[in-house]
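Below: the structure, in C-alpha cells.
As written, the chain order gives the labels A, B, C, D, E and F, with residue 1 at the start of each chain.
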Amino acid sequence: MSTLKATEHPEENPRVKAVFDDIRQTRNSDFINHMWTYLAFDPVLLENTWREVKAVMATPSALDPLTKELIYIAVSVTNACAYCIHSHTAAANAKGMSTAQHADLLRVIALAGKTNQLANAMQMPVDKVFNADAA
Amino acid sequence: MSTLKATEHPEENPRVKAVFDDIRQTRNSDFINHMWTYLAFDPVLLENTWREVKAVMATPSALDPLTKELIYIAVSVTNACAYCIHSHTAAANAKGMSTAQHADLLRVIALAGKTNQLANAMQMPVDKVFNADAA
Amino acid sequence: MSTLKATEHPEENPRVKAVFDDIRQTRNSDFINHMWTYLAFDPVLLENTWREVKAVMATPSALDPLTKELIYIAVSVTNACAYCIHSHTAAANAKGMSTAQHADLLRVIALAGKTNQLANAMQMPVDKVFNADAA
Amino acid sequence: MSTLKATEHPEENPRVKAVFDDIRQTRNSDFINHMWTYLAFDPVLLENTWREVKAVMATPSALDPLTKELIYIAVSVTNACAYCIHSHTAAANAKGMSTAQHADLLRVIALAGKTNQLANAMQMPVDKVFNADAA
Amino acid sequence: MSTLKATEHPEENPRVKAVFDDIRQTRNSDFINHMWTYLAFDPVLLENTWREVKAVMATPSALDPLTKELIYIAVSVTNACAYCIHSHTAAANAKGMSTAQHADLLRVIALAGKTNQLANAMQMPVDKVFNADAA
Amino acid sequence: MSTLKATEHPEENPRVKAVFDDIRQTRNSDFINHMWTYLAFDPVLLENTWREVKAVMATPSALDPLTKELIYIAVSVTNACAYCIHSHTAAANAKGMSTAQHADLLRVIALAGKTNQLANAMQMPVDKVFNADAA
C-alpha cells in the first residue's frame, strides 16, 4: 500500500537518474530503496532530500557514522515511523552495529520513553542549573 | 508548577535517603535534581526508576556514556519532554559533548524528524531486504 | 503566553454565558478554567467542545469517572499537553485519586512508554491470535 | 488485523443504517470505508463521530474543503495514523489535489517536522512579541 | 517483517527458559507472544522487561488489573504502537472488558486526543489553581 | 531557559550576518526571532535551515502562503512544539488568517487528533481502494 503511485521508469527523468546515480556511488551499491523511488514523483523534493541525507549522514563530521544512525533510529522509533526504523536499523547493521550495541540502544530508548512519561506527568519545574543562558 | 506537591524533607524517609545517597555517590556531586525530589512521593517508584537509570546510563556497556546521552536526548526531543531535554543536554555537556557534536546531534534529529514525515506521508512498502527475519 | 487573545467579558455573549452557566452547574463550582475562557473566541467551538466533554466525562457510563480521568491523563502525558495534564490531574484529585493510585498510574504510563519503544524498535509481527476479526 | 471484530450485517441496526445512508448521500457514493463499518460496533460512537466529521469536513466554512484535507493529513502524518493518512490522501485527491500541491504539502510537513525538532532541542524562550494576550 | 531476527530455539538458553516459564505460570497459559520471543535476543533485556511488566501489571496494586490495561492501551494508541495496541486490547478482553467499556475507552482517548490539540494550539496559561506545589 | 547559550553579538560572524540580513529583507522587518539567534551557534546549521525555510515558506509555489502556515501549525501542534506553534500562528496572523479561519483550523486539527486515536485504537485494515499503487 502507498498513498503515491510509484513512478514507473523513474530514471527516464535525467534529474532522477542523477540522484539515483549519486546514491549508488555514495553507497557503493546498486540497491535503491523505496524512499527514493517514491520521492521520484517530484524531482526537486528528491534532490533536496537526498542532498541533505548525504550531507548529514554520509559526510564525515563530529559524530561517527554509527552514532548518527543510532540517533536516527531513536527519533524514528519515537515517531513510530516503520519505514525509517527498518531502513536505519539496516543502515546501522551495515555500519557494524553489534548485537550488544543494539541491545544497549533498545535499553536507552526504552528508558527515555519511560522517564519522559514520568517527567511529563509530574510537570515539575526545570532545575535552574540546567539553563544554558544562565551558565 | 507541578502536578505533584514536592515532598518536604524527603530524606527523613530512609528509603529515599538511601537513593539520594547513591545518586550523590554515583554522580560524585551533592546536587539532586527535581526528577528525584518529586519521585520521592513514592519510594518504590523512586527506587526502581533510579536503579534502572543507574544500570543503563551509569554502568559501562557496549555504547559509551556520551552516545547514550545523545540517544536519550533524541527520544526526549521527539517526545517534547522539556524537563528531560534540559537534564540530558546538561548531562551530555558534563560528559564532554563538544559544540560541533551538539550541532551534529541537532542536524541528525532534525533530518530524522523530516524524513519520518515524508515516509509516513507516502506509506510506501518497506523493502523486503530490510526484513531481518528473512536475512 | 497564548496564541489567542483571551476574550474580555466573554459572558456578554449569551451563547458563551449559557455554556459557562452549564459548566458551573455541572461541576457545582464557580471556577471556569482557561480552556473555556480561551475557547470562547468562537462560541460554536466552545459549545461543541463542552457538549462532548460533558457527555463523555460528566455523564454516567460503563467506566467510572475516576477511571476516565486516568485514561485522559495517560493520553495527555503521551501527547505532552501540559495544560491537559494539569487540568485532568486536578480533576482526578477532585474525584478521589489516592496517592497510591497516582503512583500506580505513573508506573503504568511509564511502563507503556517503555515497551512501546521496544515494540516499535523491533517491528516484530503482531501475533495472529490478537486479530479480533479472526476470533 | 484489527482489535475489534467488524460488525456483520451492520445495517440491520437502524441507527447504523441511518448513518451509512447519510454518508452515502453526503459523499454521493455507495462506498462505506472501514472507519465506519468498524465504528458500527457502538452506534452512539458512530453517530457522534460521523456528525462531527460531516459538520467540520463536509460543510462550507471559512477554509475550503481541500485546505481542510491538507491540514487533516498533516496531523495524521505527525501522529503516524496509517489509516487516516490513506483515507485523507484519497479524500484530498478526490477534491482535486494536484501533484504539485501534494509535493508542496510534503515539503511543508517535512520542514515543520524538522524545525519542531530543532526548537524543542534548543528550548529557547518564546519571543514576547508572539504573545497574543499582550498584543 | 522485523528489525531483529527471531531467536531460534530460545529456550536452549536457561535464562530465557526461566523467563518463559515464569510467563507461562503467571498467565496460566502456554502461549508466549512475539514480544518475548524477540526480546530473547538479549536475555538481560528480556529479564528486566518481564520483571517490570510482571511487577506493574500482574501484581495486585492500588488500581485494578483492567484499569491498568485501559491506561496501557491509551498510551499505546497515542504512541501509535500497533503491536502494543493489539496485545493490550487482547489482555483487556481477557480481563473482562465489556463492549460498552471498550466503546467508553475509545470515547475518552478520542476526546483527549481532540482537546490536547486544542490546548496545545491555544497555548493558554495553566490556571494557578492547578499548581500542586501551591496547594 | 534554553539548552544552548544564546550567541552574544552573533552578527560579528559574517556568515550569520548574511543570513540575518536575508531574513530581514525577505520579511521586510528588522525583527529576528529567537529561532535564528539560537541557531547562530552553528553558522552552517543556521544557513541550511534558513535556506530551506525561505525556499518552502517564502517562495511562491502550488499552495498559497497562508495554507502553508496552517499546515505548519497543524504539525507543530501535534508535535507539541510550543515555540513553533507561537511563531507560526503569528506568521499566519501576519498573512491574514481571519478569526473564522483560525477557529476552522482548530476544528480540523482537533477532529483529526480525535479520529487518529479511534483509527489507531481499532487497527482496522486500510481499504484497498486507498492504495495508490493499485490505482
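As a working rule, a residue touches a chain if its C-beta (ideal position, glycine included) is under 8 Å from a C-beta of that chain, and two chains touch if they have at least 3 such contacts.
Being a predicted model, the structure only gives us computed values, none of them experimental.
Using the contact threshold fixed earlier, the set of chains in contact with both subunit E and subunit F is A, B, C, D. Looking at subunit C and subunit E, the chains in contact with each of them are A, B, D, F.
When the CA atoms of subunit A are superposed on subunit E, the rotation angle comes to 120 degrees (nearest 5).
Of all chains, the one whose CA centroid is most distant from that of subunit C is A.
Set side by side, A-F and A-C show the greater C-beta contact count at A-C. Farthest chain from subunit B (centres taken as the mean of C-alpha atoms): D. Chain centres here are Cα averages; for subunit D and subunit E they lie 27 Å apart. In subunit E, the residues that reach two or more other chains under the touch definition are 1-4, 6, 49, 52, 75, 77-82, 85-86, 89-90, 100, 103, 105-107, 109-118, 120-123, 126, 130-132. Residues 1-6, 48, 52, 126, 130-133, 135 of subunit A touch subunit F in their complex. Those residues of subunit F lying in contact with subunit E across their complex are 73, 77-78, 80, 82, 85-86, 89, 105-106, 109-118, 120-123.
Residues of subunit C touching subunit F in their complex: 1, 3-4, 41-42, 44-45, 49, 75, 79-81. Within the complex formed with subunit C, the residues of subunit E that make contact are 1-4, 6, 31, 33-35, 37-39, 49, 52-53, 56-57, 61-63, 67-68, 70-72, 74-79, 81-84, 86-90, 98, 100-101, 103-105, 107-109, 111-116, 118-127, 129-132. Touching subunit C in their complex are the following residues of subunit F: 80, 85-86, 89-90, 99-100, 102-103, 106-107, 110, 117.
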